[in-house]
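Got a structure for you, written out below as structure tokens; questions coming shortly.
Here the chain labels run A, B, C, D and E in written order, and each chain numbers its own residues starting at 1.
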Amino acid sequence: MISLRNILQAFVLLLGMATCAYAGPYEDALPKFAADSYSDTEAALGAVAGSGHPLSLSVVEALRDGRLLAANGQIFIREPSGNLLNAVTGQAFGPAPQNLKAVRINNRVRRAVEAAMGGLTLLSSDAGARMDAARAVFRSRDAAALPTLQQAIAKETHADVKQALESARAAILLNQADVSPTDRLAAIASLRSRGDQEAVALLSTLPAGAPPEVAEAASQAAAAIRSRLELWNAAQNVWYGISLGSVLLLAAIGLAITFGTMGVINMAHGEMVMIGAYTTFVVQELIRAYAPGMFGASLFIALPLAFLVAGSIGVLIERTVIRFLYGRPLETLLATWGLSLILQQTVRTIFGPTNREVGTPAWMSGALEVGSLSLTYNRVAIVVFAATVFVTLLLVLRYTSLGLYVRAVTQNRRMAGSMGIRTNRIDALAFGLGSGVAGIAGVALSQIDNVSPNLGQSYIIDSFMVVVFGGVGNLWGTLVGAMTLGVANKLLEPYAGAVLGKIVLLIAIILFIQRRPRGLFALKGRAVEA
Amino acid sequence: MTMLSIENLTLHYGAAQALRGVSVSAAIGEVTCVLGRNGVGKTSLLRAIAGQKPITCGAIQFDGCDISQLKPFERAALGIAYVPQGREIFPLLTVRENLETGFATLKRGERKIPEEVFELFPVLKSMLGRRGGDLSGGQQQQLAIGRALVTKPRLLVLDEPTEGIQPSIIKDIGRAIAYLRDRKDMAILLVEQYFDFARELADRFVVMERGEIVQNGDRSALEGDDVRQRLAI
Amino acid sequence: MKTQSLLDRQAVIVLSLLGLAAVLVPVLNVMTAPGSALHISDHLVPLLGKYLSFALLALSVDLIWGFCGILSLGHGAFFALGGYAMGMYLMRQIGPRGVYADPILPDFMVFLNWKDLPWFWYGFDWFPYAAIMVLLVPGALAFVFGWFAFRSRVTGVYLSIITQAMTFALMLAFFRNDMGFGGNNGLTDFKEILGFPLQSESTRIVLFVLSAVALAAGYLLCRWIVTSKLGKVLVAVRDAESRTRFLGYRVEHYKLAVFTVSAMLAGLAGALYVPQVGIINPGEFAPANSIEVVIWVAVGGRGTLAGAILGALVVNAGKTWFTGALPEFWLFALGGLFVFVTLLMPRGILGTAQDAWTRARARLPSRSAPNALPHAAE
Amino acid sequence: QETIKVGVLHSLSGTMAISETTLKDAMLMLIEEQNKKGGLLGKKLEAVVVDPASNWPLFAEKARELIAQEKVAAVFGAWTSVSRKSVLPVFKELNSILFYPVQYEGEESERNVFYTGAAPNQQAIPAVDYLAKEEKVERWVLAGTDYVYPRTTNKILESYLKSKGVKSEDIMINYTPFGHSDWQTIVADIKKFGSAGKKTAVVSTINGDANVPFYKELANQGVKATDIPVVAFSVGEEELAGIDTKPLVGHLAAWNYFQSVESPENKAFIEKWKAFTKNDKRVTNDPMEAHYIGFNMWVKAVEKARSTDPDKVIDAIVGVQVPNLTGGTSEMLANHHITKPVLIGEIKDDGQFDVVWNTDGVVPGDAWSKFLDGSKDLIADWKTLKCGNYNTVTKKCGA
Amino acid sequence: MTEPVTPTLLYLDNVTVSFDGFRALNALSLAIDHAEMRAIIGPNGAGKTTMMDVITGKTRPNEGSALFEGMHDLTSLDEAAIAELGIGRKFQTPTVFDMHTVEDNVLLALKDDRRPFSALFSRRTASERERVDALLERVRLTAHRRRKAGELSHGQKQWLEIGMLLAQEPKLLLVDEPAAGMTDQETADTADLLRDIAKTRAVVVVEHDMTFVRDLDVKVTCLHEGSVLAEGPLDVVSANERVIEVYLGR
């Protein structure tokens, strides 16, 4: 890349020298950048991009990145390496002028820059850049780019890019009155095969005065795409539901142990989640300060740490407070409520009351496109993560004696002791496990929610709702409960709105419990009724 | 050899005294039987031995060591197994899981349910997957005894093990207790109201009244009407 | 045969303290000079009144939780509904004195372009109607809710969670501006009650006295319930619900009856609360509020009635004091108090004090008569 | 030594602590500064801080405590509308002074309250104008939390937009509950609404905690400012501190102050703030500036009246002018609102704002909106008319 | 048997109860007459307690019906309604109200109007007081009357529950293992008590103690695997080969 750029620059330099006497549109436009007015900047940008001047790409790039500078009506480009070039000549410029200021841009200019970049990079050698360019042209529908577009299509070898280029061309052609109906019909067909929301938008904004057969085809195509999208839409909503369900599951699963299995009405559960989130924050701060290169791995480092931190706090709480309260489940409510206040205020004192920034690693941004379904990576990650946590926990509880002993201890503490079960240790371990799992849930939630001392509070009610709805003491119940509530919520939301949807859901839970007074996965028989 | 020896045990429930200076001992290869009417303190004595109820004063020696301050699970680890009155099985655990709770004191390699449990109580084998709480009363009682045997005890403490059990199995239990005694590797302390059952098994016995031991002796003393009289109202 | 009488020592103490407060607070407020040590300042009167209404709420929770084992995590809903009923009356009393001077519509309706008063606001300008609604609305909701839940035998945490869901749903609903209850801002800017200005000191004193009287009456009602045979059945239900059924008691009817009574008491508490604090908004439905009420009861001593009153007073006075004196650290103090009480006073402040008292009394005779334990067979 | 007490009534715990704690710190700093300058009327100022804990009735109780028990000369505080509504009667009854520093829905003017935050005409309408003019926006999503401020603002905007010829089908209104955290559906809906071919923008009156997940979701679903810009009225530097802003560059906010504003006053203020909090990363924001203005106005009025007596201060303060932090001067108007410039900023990747537009001068705050039926005839004037809701048609106070 | 003026008191017809495929009761039919005492024996898990569960409304049978006094279908009534019809029960494991005193336990069981309102207004009458005194005397708990029931020993709880059952004055008493945990002497006493009661009411007793059953001297039904294996006088039943095999042992 760098060598290519150097060659290009040398070439540009030569060319610049050859043409310096001649003042073309490029040179005319440049001073407008210095006016510090967005509309002037936009106009100048248009002129530069259309000038065909060899320096125009550098100017546009510089403008986008805030490297286009102005001083005393003169325009300069600061290279990424720090050198200052005269934008007119492309030659290096000696000592920087005093009052050098970056040419400011706003959204409007940024949009124009994108469009310009699109036109300028359609023929780039990098396939990714061409793809971006094709998208930019599709969006800008700039007829001026048509010739270059044709050229690019002819040369294109990548199937994906070619398709993108073609739909960009279609977008331009569709809107042009002077194009033959056959070409426009072909454009409609191309858009129809694209089949997404943007295509519908284009097709339904066909300018008035189009030939009837074109208008007809466009509206048919739009309708066809719409009905297809309808289906995808339903699938999308289910996905949203699953991803919300995973969030609920993560938030609730620790509680399924401390409350569901151990019977502690653990109001401090949310604070354990919060502690996990703050652990992530601290880890990221440290990484930012000492090893910025490892940022991508920050969450993986945070996971075990969050488990340990929240888990040890859980053990500490169990050993100092909860253990005196077994057999008095209702009093655990009082004590853990007190603890949650203390933990919140502690975090507020240490980290301040405001939100803290937890960043998203690059590998978690972006979206996976499956058909017309858009699955954002971070949601996919959360779904996968929730499933992993669930399965691991299930295995731990099933295949180690811990699960058995915890249940034995909760069902009959005295007798469990007489069977030789170390009740203290089991209690501490189980509470630590529940808290630790809450902690790692915090790592995941830090990716989608705010990391503040109030984080835990916002999940505690939902968590109890999930555990109870699913049936206390049953991990599967928690899973099904979380997913049911998540999906139901998301299916209701489009019809009832977020507020009413939630109300309807709460009422549904109340009614459901009437039908199944012990939750979804209720235990039956004498054992429970006694 | 004396496995368990209790000296001068006193126990209170709040301000109320349930045991007053009780002294008993149990030896390996013997069945020691505790007799007495309702509410005289038999269960309280066993709870004190198992560590479920802290004692007020007195000494509990097990295998030569004082265990009166140990936690229940520590006593279990030493080899005391307890079949409580009222069964106290874990209602939501399956029969198998109930039995497996006995593994807690065992080394990893020894964690197997001994065949003798199923020989003694075949019904348990057919109901391994059923929740303990769903069993019938007698089945639960059998489970409670079986569960105690899983821990491979050196002292087996049984509180009215025949309660609610059908006659044929009572006979089996009697035979089993005799068998365990004759293996000569454990001491057995038995609380029993069912006099004939006690008489057949007891090597030695004590009779309690109002939290005190009022009579003790060996098997021959049980033959007369004396003890029966004491148990009458 | 000794029965717990309606007016045992505890009841006498509670009632006389309340009576004393009802007399002393106005006297000290009016008769003493503002500087003197005994003076109860003007701003303290509504504050104390607020505590008393909270105490009544706590009492209503103790009635069902302490004696019938129904842990309602949604009792704030009944309190808030009573409060809203009172708030609607006070709102209608504003009349044309609102900022938009609409004689009928409250300000927030004008503001949202409502043209007519919604039907459910009819009648609230008439105090007796509002007063009935204060009891009727929470009572009816509790009755319907309880009828379904108790008939379906929803118990334990399941019941707790659906009560929580109920108050949560109500909170969201009342937050909605379209509901016609003023949305998030709720009802505020009240002017007068029964023609007496709410800002005047004498009205406040009367409200305080009324709160004390209502609390005393509520306490007596609860006492009556728990000392009657009904109370014994409730405790039986709390400890062994199904056994009670086998004795022929229709558990659901018992639960429904006390739940409804308790909700009405909570509604009354809300109605007393609103004129004294001057605002009612959906925040009162917040699940956390209801949990807090349960905590007052636990702090004071569950199942002792007087303990619920004590708990509400202690925690709220503590909150007032801490939020002023330790604004940055009061959560530590409050949280610490809760942990402290659970660990060291397992039966709450009053329960533990009672235990200590009985133990102290039991110790004396037990020394002379070591055979404290009765024996069946003599 | 006798002091003049100043009440600080901001939540230090509960849901609002996240926003309000900073304002408490700002007030402590301003008071400390003033004391360094020699105090007021020869006496030292003393801050009385209480915690109303995000609990609205508690606000009223604490206000009463501050005024009646602590005898403060003025109170600076409240954030949410409901907390202001809750304390209003107390201030009226006990005749004290409240400075309220947050942008709000308007429709109010009280003798005892001074509104130093923006009224809708000082924030919402200029922002919409900017988008329509500069970004050629034709389609609008009005997204807000379901409470009074968004409802009113959206009502005003809706009627304003319609008056500008925007059609009903080009306006989408969406309300969410407080603390809404799952924005997947709504962001997807916005995307869909925005892909109809017309330039679309989102006007966000989403409140408090809900913003962070909202912006995180915008970033996740790749809604870029160049496609669908979002302009927010409740998102400032403080809120952005909790989000990674790189994917959000170009989204907008409308305020009367940004930390990035270049002026000597602002530079000095920021320096003092960082020194006071001993933290280089602490940011400043609009409500802080509002307190700065309000506090200085109060000081000036007290000096002018030579007394802290509320009646005298209320009389003296109207017309008082103090410098604001953006390099201009703000004046207390007769309607108890102030004049302020309106600024529009685009989010930068460092969590600050780039001011892309500002009004030439200052805009006077309107207590009553011209775009609402109920209030278009109302004006407030505490100087001559002595009335907060004077009806210009019926010529009567009290509408 | 004398001419039945009214139909049989309790008639179980073809009752089947299964739990996840396991038949705890298998087409069980049984008739109990007015003022009849019936002893039920049978191996552990034969379905004796389940049968009582069906009669008292705790368990709904999958099939079959249970008629009381010839007109009330017990399978469609709930526990409280059945209790009000006059069916009282003592449970296999003693269940009493732990937090109530011994005398309150009895008091709660006393035959009385069960509606909440009457409970609120109910005042204790002298006759009630006498009855409680008499009952406590009968179950030998007078000395413990003020203690909390939860503090009683196992056997004392058994007695208390019997007292509660008597207090209800039911038409039909279902008594599940009343002698468990009692001394031989007490067992005999219990038998006396039951015989006494059975003069005026119907009693169904489940017990494994053969001495006790012999003392009762009534018709015996032996259940096995959910249905009747043998019926008749104890001597006949206990001579039955199958009964010996599955129940009595050799």
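Operating definition for what follows: a residue touches a chain if its C-beta (ideal position, glycine included) is under 8 Å from a C-beta of that chain, and two chains touch if they have at least 3 such contacts.
If you're wondering where the values come from, they're calculated on a predicted model, not measured in any experiment.
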More contacting C-beta pairs: A-D or A-C? The answer is A-D
With centres defined as CA means, the chain nearest the overall centre is C
Averaging C-alpha coordinates per chain, one finds the centres of subunit A and subunit E separated by a number of Å equal to 66
Cα centre of subunit B to Cα centre of subunit C, whole Å, reads 51
Distance between the CA centroids of subunit D and subunit E (whole Å) is 75
Whole-Å distance, C-alpha centre of subunit B to that of subunit E, is 29
Residue numbers in subunit C touching two or more further chains are 172, 175-176, 242, 328, 331, 375-377
Note: subunit D residues in touch with at least two other chains are 12-13, 146, 177
Multi-chain touching residues of subunit A, meaning two or more other chains, are 344-345, 457, 499, 502, 525, 529
Per the touch rule above, subunit D residues touching subunit A in the complex are 12-15, 17-19, 21-22, 134-136, 146, 174-177, 179-182, 184-186, 188-189, 191-192, 195-198, 209, 211-213, 216-217, 219-222, 225-227, 229, 238-239, 241-244, 247, 250, 252, 346, 351, 354, 356
Counting only contacts in the complex, subunit C reaches subunit E at residues 1-3, 224-225, 228-230, 232-233, 235-236, 238-240, 242-251, 253-254, 257, 374-378
Per the touch rule above, subunit A residues touching subunit B in the complex are 401, 404-405, 407-408, 411-412, 414-423, 473, 523, 525-528, 530
In the complex, subunit B touches subunit E at residues 13, 16, 37-39, 43, 85-87, 123, 130, 134-139, 141-142, 160, 163-172, 193-195, 228, 231-233
In the complex, subunit E touches subunit B at residues 19, 22, 42-46, 48-50, 92-93, 140, 151-156, 158-159, 176-177, 180-186, 189, 208-210, 246-250
